Structure formats: structure tokens, C-alpha cells
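To start, the structure itself, in C-alpha cells.
Residue numbering begins at 1 within each chain, and the chains themselves are lettered A, B, C and D in the order written.
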């Protein structure tokens, strides 16, 4: 019985965004668009909850002739997609209407926007639930295609440039990942013979120990560079600040909050297979090394920013780097911390982008130097920005503090994978702390400068309550709450997921 | 056909792969954009032929479908789109290059060697039929990648990207006798859409920047 | 503690206080007389300070309209703190009943209390002179204090105590006191310099001057008159006497009454007056021989005191080993 | 007790929630918020006093966050600090009700009130936490909330700058505390303090040293030791005064708490002598430099902030001496040192809070913090003046107030150098005493200046002429603290046993019994032979002598009433411009200690057009060189952005370069993977 319900839930998961996307093309009024959007998102979240329950009670779920495979890790990612997606839909209710009202978006282009948005969502869900690494690849490439136009939605010169760079860099990266998938297939075929299920995660996990280490190493390098481009790890990150800065706020929130997470998920998935054949030190040191480099370079780049959306983009790179360090270091605390960090970062970053979007609408500039006194102009958004900023700076009582502490502790106890020795550990901890200090100072200097101070006279004051604020409240409460309490389903989910990744 | 022993088959597949590689070099050496497009179409046809050969030799049915799609999409549709774009944009040659032709050719040669070097440990396990194709596929991917770096016009970059895709397809066909069909179809769909989107983009870039020279796209920095 | 013991202790304390109060103007008179003699003048009577005080007490005081209650309270506070400090120092009996109330550090800080309020009072009238005096008093006090603490430290080390009664008593009985004279001599020299600075004597300050640009202590009390001035003058005389007593009894405790017999008391009192007079004469001599130092040269003098005290410490440890 | 503790935390929570939930009634919001804070702090006093004598109380709830546990432990040390926090908290809460009447329109009283509660609550949590993770959360929360309070008046750019500096500096400190806990974590694989206390596998000497140094820097940043003090003179003045009182009086003490906790509770056992000496030296330098910079400061609140540096130095002198004696196994003396340090901790909390509240009254009466614009305020604001005077006397360590008693105890500790075996330390301790003496007298001078220039003589500006006495709530806040200052000075007999409870678990020695003589009215640090102090007796003597003088004058001069005349102004009418200024007052000191101050003087003369002998106007600027900012912080602060600037080329905007990064990365990784 439950199996069928779960299958239906999976069907809903995939159909809801698809149907909503197609429907969006046919609707005239923006009101209906939002209704469809919220409705499909509600269905999505409900389906996710159902699936997560099943996963918690009965373990991994497969459906549709093993085309779909959902375990704790994927349902955790689904959880992030659901929450951030829901918040995003709520936020778009006020944001897009305001854009239409101000004439920046022609009402008919709204259909396209929602269509693409749903396709983007569909692709991400598909990437998360697909059992086949090949389908996963197709879905992730599809996210690139769906979002290029979303990024360049304003059609300004800069947004076109950002969109083009995004398209080219990510497509190239993803192509490399495809080569990785091919290699993966190549190795599994040698064990299984010519079976069309040879790319399935379930199959691969079963035979992982028999796979050839050499091929898997090469495959992992390709996959890592490919999906790492999507995650935005230095030095494959170059598209990221441009894209985030130019994308409309809800899109940026989805990119930063969810897409990165899905890409990390793709890396973790293949890592789970590779680690069984190759010593985990190989993938671990790769992850930790790129994590550390991303973290430090992004922290330094944060100092240079004068566009607040770009600044948030660099902060994404920084946090993804940190999560990678957690995964790379491994151990129960490290992996748990990494996953937890992914969750928290998704919430914090989307909250930050929502607030930034509101500010952008009101101040009509993305220059940090021209934004002052948000606190007196729009208290709600100011609070959201402050909360997000403090959370991103990893201050308590926000959840990122907890996950960052877990990662640092893991680094301190387990040390770097590979032969780095104790000096490497203390060196990396010092680097981590120093760079986090730099990031902290850079981020909060900008954000406090925006929030406080006297507002420019030209900016109208006051912030009436709107649906969009619901999303701010939701994410803010989550950020604060997760620092103190992890609800037991979520805790179980995280525990199971980290067990899957070898952090038993 | 009795003369088509596995050994001969393997040699034929190798020949096809090498033809693909040679067209790659030709694209690297070619400055005229329309010629590049033609070469790409030619390469795609070679690819389809190789794939058909593999399909025939191994009796894998779905590779026929993939081969047919390759001819249709990469041999006709995409080159057509690209020619349109070139006509509309009124650019015919790649005037300035980041790396000049002789150097590019040398580097590409080095890349081929690198590809063989990298794949050597795993090639030995390979099927007799496709021993070298994996290495050649990697070489084509790397050359495509390098061409994207070396050339400035958006159209050339697009062609180079498609060359990479061809390399990937060769790898998939040669090394693994084709991916599962659904994956193949998905990949094709993605490539097609990507090419179309890029085509649309070049138009918009032309409108916004009066150029498809991607080196002009450097307003966003830091 | 039995009642009679408390009563006798109280009687002793009162006698002690009275002795200090009555003797203090005499010491001032003595110094002035000696100075006059050294300068070949006849000088005023030895008891002139008593007459001055009596006169001042009877005069009507003038108070500035700019002042607050601090101005009127200060003389009492200064007088009170000085007298309290005096009660902690053995005068003619080596064991003072009130010595439990505070040790030599308390003494220093009691004087500091007086200084604090004097500076405030100087500022209170609003004239520039008071502020100037306070400012100068401040710098001298801040230079004096470290040297004073170090010299006290040296003394405390040699006697193994910071309790004044214990120091004097032990030294008088030569009981468990380090016998080396070197550290004690150095501490003595340091404390003597400190005394000159603390009590506003030449070469640090000139109590006889009324030239605006040179006065320090006098500038702070410039606005006072009548009974307030009397209290302040008296307090400064007591302060001088307390410092002299300190030097006399800590370094030369000969003859001090170590037991409360009447004979010992009589001898103690007599010897005490002689010792203090000798010290007063020494001060008078110095005031005649040296000119007042420039304010910013006082640093050097007090630096010497500091180094002397430090060397005293060092020698104590070295000689002890 | 558990009930009281939870009740306290609950009331704080209510204090956070209530004012935010009733919009639009600023007065009610303020009243509610600070009412809650006051009640909770009063509960805190009860808990603190009870906890000092009782056995440690441990409460623990497990948490669903890995590594975190909601473990709370109320032992004697925690109780002592909780008591200190709550004492000041009560007074500040009462004071705030009056103080927050006139807020600028962009500041919400509800938010300020809620943050005030959160601040007190976070500080309470810091001392209560029994888990490293929880401690860090509470610690950062405390910093964050205090930061938010510092930038209450955020439209002023200086305030924002101060706030940011504070935020960054305190974060640097936290980083070091994180390192401390990470090192301690290695022992047992948990952040529980219980495990830190009983490390199953003892840490190696090297890591113990690392822990000590990291804790010293980490907590030192918060405490404001030189040279980590730079944030303090900016942040404390920027905050509303009742918050400054809490920050300066209490918050920096939580750093002392943390330091003691780590050094004596976690590292315990025996440590090398140089730990103690390091702390002692830092204490001495902080004390002297703190007061020296305070002297040159004419912004009243900045002056007070620098005095916090000084007093932290004095506290560390006591603690450092205690550590030194502990290292030489002189446990009684170690206890004495710690006792002196803790006594000064609570005293400083009281008088510094009192002074900041006083400064707040002046600020709200005159709208300026510049001492040179005050003057004559004692007549206009008698209550504030009297309270400020008591605070000034206390902080100058003059008898018979509390500051004197604790500083006297520090002196007595330092005088015990005889018992230390090392000759170097034998000389260093007296030198520290000499520096303490210098500190004491400079503090006296500084407060003579602060009080004298602000409250005495003629008003120096129209602000001062129009000043009015603070409302009753503010006065009560100050009076409570002033009374506490006097009481704690007069009754060491009450305080010493309480402190002894707090020290006992750290040292394992109890010295209260042997320290109190004559029915508890006299303090004997080492032995009656060596020294004793009876502050009640001293107070009685002082009062008695003053009364005698009063009687004498009454007898002798009763016939003549006072005659009121104007001060003689050398023939001119006396005006405020003729008064001695604060700058002038400290000029000799600036000159004598010129090597430390490195003053630069700039005289700009604007000459008349017609003749170069007559000046139209002159501008005189005098600056003290900010040595630490200039030579320590600015270079570091310049290097990192320069480094980042170098990196700019990475992200130059060229698509080809970006592709090349990927290409090179791929090829390199492939070659490595081989």
C-alpha cells in the first residue's frame, strides 16, 4: 500500500512542476500564474514529506522500474529544494508583481519566466531522484539550459554577458562530466556485461568494489571538474558571481540555494561509488583541497566587492568550499557538518537574495556604496538581510555557526585526508579561521553599512506587509531554530545520509 | 560479410575515429567560419558512420538510432542554424586568435599524446574492437576544449563545443557501444537545445554588443 | 578584649593624636626659625605657627560664589585623612593601638585621599591658579608614588612586615630584622626624597612662595581663608610631621617606648621630640642650601629616589642569599 | 534553586518577547523590558548568592545538534560572576527606564529593551554554560547583542565604525577561543566541560601551552588587554550609557571568567611559572597604558573606557600573581592573588557601571561627552555629582571605598615576592607593585580631572548652564551602585568569604577563616604581623577626625558666618574661559611621559590680510599618537586587502581565461589521478 502511495508521490514530484510549467504558458493573468506556482509547489512539498517518511521508516525507495531511486541523501536534497522552492514561490508573489507593476517585465514574458522556472525545478528534482547517472547528467545539463534565459531575463548587456558565460562555462563543464559518466559506464559494463541498467546508482553501488580503480579515478576527476563547475568551486567558479549578480532575485536564490546543492549531491553520489573501489583518501583530499582553496580565494574576493549580489555570490563559493572541506575530511562529524551546512547555507543564501531583491527594487542600485539605512527604509528586509548576513558570517544563534563548528572540529580531529600530517592540520585550521575572519569582516562591513545609517532622501520609506515577507519569516525562523534544535525527522535524515556517505 | 573479421572491424573503427580526429585538426587550422561549419558537418557524418559500423559489428540496435540522429541533428540541423547565424551576423573569418594556428596545431598534437598517455592504463582492458577510440575520443574532447579557449568568435566557440560533444559521443559509442537509449536521447536533446540557445544568444549579443567577439565580454569582473 | 584595655587604648590614641596636633606647628616653626638663622635673620618666634592658626580660626572665611560643597568639605576631609594617617604611625610608643586599621599602604592612600580633594578644591573656585596647582601636584604625586611604594617595599622586606607598628617594634628590639645597613640606607634616602616631594618642601615646592608661577601646594589652597585655611595649614603641618615621624621611627627607633611603662613613655616622648627636631633641622638646612627645581626637573630627583629604592631591594635579595 | 534559575532565564525571555509584542507604546515597552530585566537580575542575585555557598548545580538537556549539549552548571565561580552581572544588571535596568525617554526617532525602544534583556541573558549563559559549544554560542550571542546595542545610534558614522571595529575584534578573540576549545576537544572527543575538567588522556605540555596562549589572546581581546584593547575606547562610548555600563562593568569580566575557567579548571594542575608572569606583565602594562591613555582623553565615556583597560590590568595583576604563586606551589598566596583579582572584578563592575551611568546622566543633560564643555554641574545636578564622586573615589582606590580594599589586597599579594624562589620574580613583583602605584595615582589624577573639570567651578558652555538633574529612575540606579561601592568597601568581612567560596574549587585552599580577624572586621592577608586592614575602623577614624575638625571650627569660629565673594580673576571678571582646561590640567603629564604619548602639535594661523603680525584666527590641534593602531593594526589591515587586490586578475572578465582555468585544472587532475 505504502509502496503505491510512495510511487504516486514520486509521480507527483515529477509531474507537478512539469504540468505547472506547461500550464503557465497558457495562462493570462499573473494571479493565476502565482496560484499555479504555489499549488504545484505545495504538491511538491507534500510529496516530499510523504517520501521522506517512507525513506525514514523503510529505507531507500525505488520506483518506475528502478528509474527512480530515493534514499536519505536524495530526500534531504529534496527537502532543501522543497523549502527553498516554496519560499521562492511565496517571494515571487510580491517580487514579480512589483516588477510587472513597474514595467520592467512585460506581462506576457511572465509566462515564459514561470515556464522556465518550473522546468528548472523539474530538472533539479529529476537530477535528485534519478537512479541512472546518465539521466542525472541530462537533468543537470537541463538546469543549465533552463536557467540561462532566467539569468539573462532583464536582457541588459551585463545580463546577456553573464548568461553567455554561464552557458558556455557550465556546458563545457557538464560535457566533461558526461565523459566521466561514460567512463563510469565503461567500467561497470566490464563487470555487468551489456545491461542498460549499468549506469544505475543501485547497480553501481552493488558492484562498486569490483570496479576498476584506474577508470574510476579518471571518471571521478571528470565528474568532479564537471559538476564542480556547477557548484562553483575555485577555479571553475568564474561564471558564478556574474550569473548571481545579474539574475533576478528569486532565480539567484534558487541558483545559490538549490542548484549548487544539487550539483554537490551529484558529486557526492559518484563519490559514494568511487570510494568503495578507490581509497577514500583520493576523493577526500580532492574535495578538501578544492574546498580550502575555494574558501580562501572567495574570502579574499569578498573584500573587493562593491555589488551586493556579487558579494553574496562569492559568499556562496566560500560556503560551498567549507562544506566540501567537511565532506573531504569525512568522519561522522565532518560529513554530518557538511550536509547540515548545505541545508543551512541554502536557507541563508536564499534569504539573503530575497532581501537583496527587495533592496534592489527600492534603491534601484546594486552598488553597496549607494545603499544606506535600509533599517529605516524597509525594516523587514533589513532584518532579513542582517539575519542572513550574520548567518553567513557564521555567527550564532544561526544554524551556520553550528555546522561550521562541526566542520572545523572534524578538521581538527580527523585532519586532512592524505599525508598532510599534523602540521597540515594546524595549517589548514589556521587558514580556515583566518579566511573566515576575512570573510566575516568583508561581509559584515558591507552589510552593516547597508543596513544602518541614514537613508538617501530619494528613497521612499515604509514597507507594507506582503506575501513575500512570509518567505523571509519562514527562512529566518528556520535559520535561528536549526541552531538550537534539529527536529528528529531531519536529524534522522541527516544521520542516515551521512551514514550513506561513509560517515557512519 | 565474411571479410569483416573482428580484426578488420576494429581497424575500420579506428580509421573512422582517426578521420574524426583529423577533421578536428582541420577545424583548428581553419580561419573561415563557414568552412568550419562544413568541417563540423563532415565530422558529424564521419561520427555517424563510425557509430553505424560499431552498431553493425556488435549488433547493438539502438546505436543505429543514435547514428541517424547524429546525421540529422549534427549533420544538417545545427550546421544550418550556424550558417544562418553567420550570414546574419556578417562575420566570415576569425581575425584575431588567442593562440595562432601553428601553435594551436602543436598544442593539439601534444593534447593527443596526453590523451593517449592518460588512457593507456585503462585501454588495455578495452574491447578489441575499440581499443584506441577511447583515447581518440578524449583527444577530441580536449582539442575541442582547447579550441574554445583559443578562438574568440562566439560561433567558433560554439562549433568547438559541438566538437567536444562529438568526441563524447564517439567515446560513448566506441568504448561502451552506446549509452542506454534514454540517456542518448536526453543527451541529444540537451545538445540540440544548447546549440539553439547559443544561436539565439549570438544574435542577442550581436544586438547588444555589436559583435560576437567574446573577448569583448569582459564588463563583469572581480 | 577587656573594657579597660579598650579604654587605655583609646586614651593612648587620643594622646597620640593630641601629640601630633600640638607638635606639628612647632616643627613648622622650628624649620622656619632655623631657616631664618641660616639666612642670618632673627625670624619669627618658634611658636608663630600656633598664633597664625589661632588667628585664622577666629577670622571670618570668604568663600567664592563659584564653588560647590566640595570647597567647604575639603578642609575637613584633608584634616581628617591626615590625622587618621597619623594615628597609624607609632610616635613615642612602638605599638599603636590603631595599627590594625591599616598598614603603610593605607597610609599612602590616606594621603592620596587628601591630595585628591585638594586638587578638586583647587579647581572648584574657577581661578586658573587652583587648576595650575592641582595639575602640578598631580604630576609630582604621580612621580612620587612609585618611588614611595618601592621604598616602602624595601623597608617592609627588611622588617618582614608592612604593619608600621610591627616594623618599628621589631626594629627597636632588633628582632628578626635583616641587619644589613645597605638596603635600609638606600630605602632611607629614597624615602627622604619622597618626603620632600610629598610634603611640598624645597627643592620640589617652596612652601614660602606666593609667586603664582612657582607655587604648587599654595596655589591649590589660594582661595581659602579663615578657619578653612587654618585646617588646611594645620593638616599640612601634621602631614610633614607624620613623614618625619615615619623616617625617625622606622629607621632610628632608638628610645621609643616598647612597653607602656611611664618611664619608657617619658623617655620615648623626649627622644621623639629630639629626633623630629633633628630631621626638621635637616630639612631647614636643605631648604637653605638648594634652590627649587624646575617642575620638569623634579622627574630626575624622583627618578633617583626610584632607582635608590630599587637598588635597595636588589641589595636586600643579594645580601640575603 | 533550579526553579529560580529557570525562572530567571524565563523572565529574561519574557523581557525579550514582551516589548516586541506590543507595538506603538514606547513608554510601556521600555518599562516592561527593563522591569523584566530588573526582576530577572534580582533573581540572578539570589541565585548567585545561594550558588556561592552551595554545591555545584548541574542541569543538562541533550540536544539534537551534534556536539552541542544544553548543559548548565552553577558552581561557585559561575555564581560569583552571575552575582556580579546581576548586581549591575539591576541598577542598569532601573536607570534605563529614565535614560531611554529621549531616543531619536529611528531607534525603537522595544528593540533596545529586548536587546538589553538578551544581553544580560547571554552573559548569564556564558558563565553558566557547561559545554564548549554552548559556551561559544552564548559568547558570540553576547558579542552580537552587544554589537547591536553599540550601534543603537547608527545614523552616526562614528558609531557604525566603532561597532564594526568591535565586531571584528571580538570575532578575532572568538577565533582564538575556538582554537582553545578545539585543542581541549582532542582530549576526550567532546565539548563537555566535564570532560575538559577530567581529561582522560592528559594533553601534552605543548598543547597545554597552546591552550593557555590561545585562551589568553582569545579572552584577552574581550577583556581589552593591551595591545588588543583598541576596540574598547570606540565601542563603549558609542553605546547608550546603561549598555556601556554593562559592557565595561560586566561584559569584559566574562573574559576573566573564561580565562580562569580554562586556566584553573581545565588546565588545572601545575603549569610553568612563566604563564603567571606573562599574565602579570600583561596586567601591569595594560594597567599603566590604560590609565595613561585615559588621562589624555577628554571624551568622558572614552576616558572611562580606557579605565576599563586599566582595571582589567589590575585584575590580571592579581590573577597573574595568583598563577605565579600557584606555579611555585604557594597555594595560600595563590588564593590571595585570585581573591584580590576577583574582589577587584566585582568592585570594578560596580564603580565603572556607576561612572558610566553618571556619564550617561551628564550626556543626556548636556548632549555632549566632551569634558571641556561641562563645568559647574555639581550645583545643577547634585545627585549625579555625588554619585559620580563616590565612583571617582572608588576607582581612584581611595579609602574607605571598595576600590581601595581590592587594590590594597593586590598590593599585599605583590609584596609576597619574598616567598618566591626565583630572584627575577622577586624583583619583578615589586616592579609590578610600583607600576600599580603609578596606575593608582594616575587614576586619581585622571578622576580629579574628570570630576573637577566636569562638576566644579563655572559652567564652560551653554549646555552645561542649562543642564538639569536626571529623573528619579536614573538617580536610583546610580544611588544603588554608589551605596554598593561604599558597602563593599566597608564590609570586606562579607565579601571575602563569598569570594573564598569561588576560589576554593580552583585552588583547593580556603583562606577566608585565616584572613578575617577581630570578629571579621579586619582583613589579614598573610598574617597579622605582616599587614592588616580594617576599612570600617579607617572609615570611623576618618569620620571621627573630620568631626573633630568640625567641632573645632565650630567652637573657634562659630561667630563668623561665611562671606560669599567672587573669585578674584586678576582684576578681570572671572569667566569660564579663564578656568583651567582638562587639556591644560594634564599637560605636565603629557610632557613627562612624552615618550609614550608621542604628541604632535599643529598650529595653524590664519593671518590678517593687511599684516602678517596679526592673526585672524588660530587653530591648535594636539594629537596623541595611536601607537597600536598605527604600528600594529593598520599594517595588518592594509596587507590583506592588498593581497586581495593582487588576486583581482584572476577574475578579469575574460571567458577564454576562465575556460583555460578549467582546462588546466582538468589536465592537471587527470595527470595526478594517473
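The rule we apply is simple: contacts are C-beta pairs under 8 Å (C-beta built on N, C-alpha and C of every residue); 3 or more make two chains touch, one makes a residue touch a chain.
Note that the structure is a prediction, hence the values are computed from the model and not measured.
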| item | value |
| --- | --- |
| Required steps from chain A to chain C (each step between touching chains, minimum) | 2 |
| Both-way neighbours, i.e. chains that touch chain D and touch chain A | B |
| Pair exhibiting more inter-chain C-beta contacts, C-D or B-D | C-D |
| Core chain by centroid distance, with centroids computed from Cα atoms only | D |
| Per Cα centroids, the chain farthest from chain A | C |
| Averaged-CA centre spacing for the pair chain D and chain C, given as whole angstrom | 35 |
| For chain B paired with chain C, centre-to-centre distance based on mean C-alpha positions, whole Å | 102 |
| Centre distance in Å when chain B and chain D are each reduced to the mean of their C-alpha atoms | 70 |
| Length of the line joining the C-alpha centres of chain A and chain B, rounded to whole Å | 31 |
| Chain B residues counted as touching two or more neighbouring chains | 118, 121, 145, 148, 214, 217, 219-220, 222 |
| Multi-partner residues of chain A (each touching 2 or more other chains) | 164-165, 168, 172, 176, 218, 241, 301, 304 |
| Shared interface positions of chain D, touching two or more other chains | 648, 651, 655, 659, 662, 666, 670, 674 |
| Chains touching one another, given as label pairs in label order | A-B, A-D, B-D, C-D |
| Residue numbers on chain A that touch chain D, as the complex places them | 164-165, 168-169, 172-173, 176, 217-218, 220-222, 224-225, 229, 235-236, 238-239, 241, 282, 286, 297, 300-301, 303-304, 332-333, 336-337, 373, 375-376, 390, 395-397, 401-402, 405-406, 408-409, 412-413, 429, 433, 436-438, 440-441, 444-445, 448-449, 452-454, 483-488, 491 |
| Parts of chain D lying in touch with chain A, wherever the complex brings them together | 63-68, 106, 133, 136-137, 140-141, 144, 151, 154-155, 157, 160, 163-164, 167-168, 171-172, 175, 178-179, 182, 185-186, 189, 640-641, 643-645, 647-648, 650-651, 655, 657-659, 661-662, 665-666, 669-670, 673-674 |
| For the chain B and chain A complex, residues of the former touching the latter | 60, 118-119, 121-122, 125, 134, 137-138, 141, 145, 148, 154, 157, 161, 164-165, 168, 171-172, 175-177, 179-183, 186-187, 189-190, 193-194, 197-198, 201, 204-205, 208-209, 214, 217, 219-220, 222 |
| Touching residues on chain C, where the partner in the complex is chain D | 17, 54, 57-70, 72, 75-77, 79-81, 83-84, 87, 98-103, 105-106, 108-110, 112-113, 115-116, 119-120, 122-128, 130-132, 134-136, 138-139, 141-150, 153, 156-157, 160-163, 166, 223, 226-228, 230-231, 295-296, 299, 306, 310, 313-314, 317, 321 |
| Chain D - residues contacting chain C, complex | 376, 378-379, 385, 389, 393, 396-399, 404, 408, 411-412, 415, 418, 423, 426-427, 430-431, 433-438, 440-442, 444-445, 447-449, 451-453, 455-458, 517-518, 522, 528-534, 537-538, 541-546, 548-550, 552-553, 556-557, 560-569, 574, 576, 578-580, 584-589, 591-592 |
